[in-house]
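What follows is a set of structures for review.
Two complexes, one shared chain (subunit A), two partners (subunit B, subunit C).
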Partner chain A sequence: MNHMAYNRYIRIYLQKVKISIMSRMVNPANFFVLLFGVVAQAYISIYFLKVVYGYVENISGWSYEQALLVIASFLFIEGLIWITTAYLSGVRNNVRNGTLDTQLIKPVDSQFLISVWRIDPEDVMRIVVAFIIFLQAAGHFHYSFADWVVRTFFYAILIFDGYVIFYSIALMINSLYCWFTEAGGMHMIFESVIRMSQYPTDIFNQSMVKYLFSSLVPIAFIGTIPAKAIAFGPRFDLMIYANLLAFLLFIISRRVWHAGLRAYSSASS
Partner chain B sequence: MRLSEISMNKYATITKNESQRLMAYRANIAAHSFGHLFEIMSQVIVWSVIYSKATILNGYTFQQMMTYVIVGWFILFATSNYGFEDKVAKDIHQGTLSNFLVKPFSYLRYMTAISIGRISFAMVVVVSLEVILLWFMRANLIFNNSVAHLLIVLLLMFFAYFIRLFFSILVGLASFWFVDISGFYYSFNIISKFLSGAFFPLSLLPAAFVKTSMWFPFAYTFFVPIQLYLGKLTLSQGLQAVAIQLAWLLGLYGIIKIVWYRGLRKYESAGI
Partner chain C sequence: MMTDSGTQSFGLTKYWIILKNSAQSNLVYRFDVISGLVAEGLNLVIFSFLWLSIYRQGNQIGSYSLGGLIFYFILTRFFALIIAYTDISRTVSDEIYEGKIVNYMLKPLSYFGRMISINIGRVAVRLLMFFPLIAVAAYFLRSNFHLTINSTFFLILIAIAGSLINFLFFYLMGLFAFFLDGTAGISYLGWLAMTFFSGRMVPLDILPRSLGRVLDYLPFKFVSYVPAQIILGKFNQVELLANLALSLAWLAALWLLARALYNAGLKRYESYGI
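And then the complex of A and B:
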């Protein structure tokens, strides 16, 4: 893809952002209530943690501040997913409404277009809350400036990897709609599993559960592993593993999406 | 056949049709409920880890907490109305509400009939999953054998279902004034779930907060029935809770009627 093409994709994304903000602001009352809901949901998770840590000093070796970092990482990644792809809702909505055809005939990569089909601007609040929690937790770690730079660098890369992993799994799950238009149940299972990444995955010490969440659905990369870079120090092996996993899942998800398109029978035509 | 019987048959048919319609989505509904098992699993794991370090949390033993999670899940889904706000909003925005205005139909009764159709089908899945959960977790759960307690819990659940339904309809009716109400029901669901104790027991929160939450109806839809099941409330306190629920139901019904008539004045039947 040349430089011009990249620019075109960025322009399309920015246009989508603009349209999303405009459509939300048609009804500002609803938008602000939505913002409130997003913030409330994030703070309830934190409050739960606070209540729990009122009774115990640490959970599976994680202190309160360290556990806050896990929630912050999860909120960063979840917020990024919402403001860039709205949980890939474009796939299911277009398949169900029979409007996917109109997306496919456009001279843009179908995966890109379907990913940014909807953007939820209100979820920027998740990122804002994540940032506040991150700063609040970070205040309790007394590292040198150089140490902070290295840890934050690793953290940023791991957050990006977590985002790609989350996106890839979401795309694969949503691609199922091309085969089964009523795949909402799978989506529900996915959301429930992903929500578990706001807890340190070290608490899942049962072998079967541990296997499920480290291999089958790698939720550790969507909260715990980025948080570990700040809380316990950066690890090259984890970063390389996260990079490889993100790359691999992205390639697989792209293939699944194209396989889904081949199976798609076009409800509207 | 008397006129009232014809009227009842009309709504019974709506309920039957809705539950038959849902049969087409049975696999999807089952998978949907199955998804919630992961949420329960995460709660069970988190609480198990916490209880490995503490024997009692603000009066809750491990068994009581597990019962709170497992029985609570049943109460939450048995009293759910599965996105009714959206249905009301669509009827108003797409103008399909006009169909009900020109027919000998009460919209509120129609919605109640649809809702019962939905819950009766979903109940089969929810009960099946609950039985499986109870079986697997039986060693860590408390089983209340008091028939009187169980009857009042069922009564509380019955009224809780209608309280939640009335709230959903009320939020949906906001569509008379707003083009998009997604934010309203998203935020309302989060706050009501929090105030009902569905995220975690209200007893773990500061006493002033618990006292305040008792002024709202939400605690009576979740927290209070479980407290009664766990034997933390007496039978007379349970009956008092039923009376409070009834008072809320009457109040909500009155508010729905007022909002409905005011909303109809704004209604433009757009889309027809």
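And then the complex of A and C:
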């Protein structure tokens, strides 16, 4: 893809953002209630943690502030997913409504177009809240400036990897709609699994479960592993592993999406 | 045929048909119901691991043993799966925005009656589908059951009241569509309140006292927390009576509010080209 093509994709995304904000602002009261809801949901997660830590000093070696970093990481990644792809809801909505064809005939990469089909601007609040929680937790760690720079650098890369991993899993799950239009249940299970990323995966002390959540369903990369870069120090091996996993999952998810398109039979034509 | 009694009988029949249709459509989408069960099961697994790692360190949450806490979460999730249905608000608001509600105003059919029949049909199917699972769980976890004939009687009444409270709460959220241009935000807040305040995330008695005292007077606890606590045998006779009285008071209050909101909404409602 050349420079011009990149510009075109950025322009499309920005247009989608503009349209989403405009459609939300048709009803500003609802938009602000949604913003409040997003903050309330994040607060409930923190409050839950606070209640639990009211009874214990640490959970599987994680202090309250370290566990806050896991929530912050999850919120960063979840917020990014919402404001860029809205959990890939474009796939299921277009398949169910028989409007996927209209997306496929456009002279833009189908995966890109379907990914940015819906954007939820109110979820930018998740990122704002994540940032506040991050700062609040970071205040309890007394590292040197150089140490902070290195840890934050690793953290940023791991957050990006976590985003790609989340996106890829969401795309694969949503691609199932191309085969089975009633795959709504899978989505429910996916959301339930993803919500686990809010808690340190070290609570899963059984090695099999630990392996499951770091390799097969790598939710550890959506909260715990980025948080570890700040809380316990950066690890080069983990970063390489996260990069490879993100790359691999992205390639696989793209293939699954294209396989889904081949299996898809239009409802509207 | 159209005697008073005949009319009455026909009146009940139409709601029975709606109820049956709702039950049948829930049976058709049984994959969604089973997926909901798997999703809740997975959720339960995470929380169990979380509690396990806490208890393994020799800590204790409130007055709960590890088994007691996990059993509490199994119960609240069962109640959530069976009675905590949140889609009512979206159905109601969509029908108001799309003007479909006019269809029911023109027919000899109460809109409230229709919606509650749909809800009962759904609850009945879920109860039937999950009954074998409940029976198996009850057998293996029977040592945690502290039910007497008396408390079972209260459990049934309060669980029914809780189901209706859940229905009325989200029905009310949907009725806001008469007055607002969008109810997605308010329904989202309602869902959050119901999830946390009904005790599905943490038992309400381990929350800080000040918050617990406020939640004690709100209706959310009847949807999951109170029925679970009755099964765990945590209430005495006076508390059972007090909870039943409060749940019925909330039921009456929500029903009156729903009626008032519906009537006020109809007065200002306009639809075209239906």
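By our rule, the second predicted complex is superposed on the first by the 267 of 269 C-alpha atoms of A that agree within 3 Å, B and C clash if a C-alpha of one lies under 4 Å from a C-alpha of the other, contacts with A are read in each partner's own complex, and residues count from 1 in each chain.
One rule holds for everything that comes next: a contact is a pair of C-beta atoms (placed from the backbone, for glycine too) under 8 Å apart; a residue touches a chain by one contact, two chains touch by 3 or more.
Predicted model, so just to flag it, every value in this text is computed and none were measured.
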Superposed on subunit A, are subunit B and subunit C clashing or fitting side by side? clash
So, A:Asp101: does it touch subunit B (first), subunit C (second), both, or neither? neither
Mind working out whether A:Val52 is in touch with subunit B, subunit C, both or neither, as first, second, both or neither? both
Go through the superposed model and pick first if A:Asp147 touches only subunit B, second if only subunit C, both, or neither. neither
Just to be sure I follow: which residues of subunit A are touched by subunit B in one complex and then by subunit C in the other one? 26-27, 29-34, 36-37, 40-41, 44, 48, 51-52, 55-56, 59-60, 182, 184-186, 188-189, 191-193, 195-196, 199, 203-204, 209
Interfacial residue positions of subunit A with respect to subunit B in the complex: 26-27, 29-37, 40-41, 44, 48, 51-52, 55-57, 59-60, 122, 182-186, 188-193, 195-196, 199, 203-204, 206, 209
Listed in rising order, the residues of subunit B that touch subunit A in the complex are 25, 27-32, 34-39, 41-42, 45-46, 49-50, 53-54, 57-58, 178-184, 186-187, 190-191, 194, 199-200, 204-205
Write out the stretch or stretches of subunit C touching subunit A in their complex. 29, 31-32, 34-36, 38-40, 42-43, 46, 49-50, 52-54, 56-57, 59-62, 180-186, 188-189, 192, 195-196, 201-202, 206-208
Touching subunit C in the complex, subunit A uses residues 26-27, 29-34, 36-37, 40-41, 44, 48, 51-52, 54-56, 58-60, 182, 184-186, 188-189, 191-193, 195-196, 199, 202-205, 209
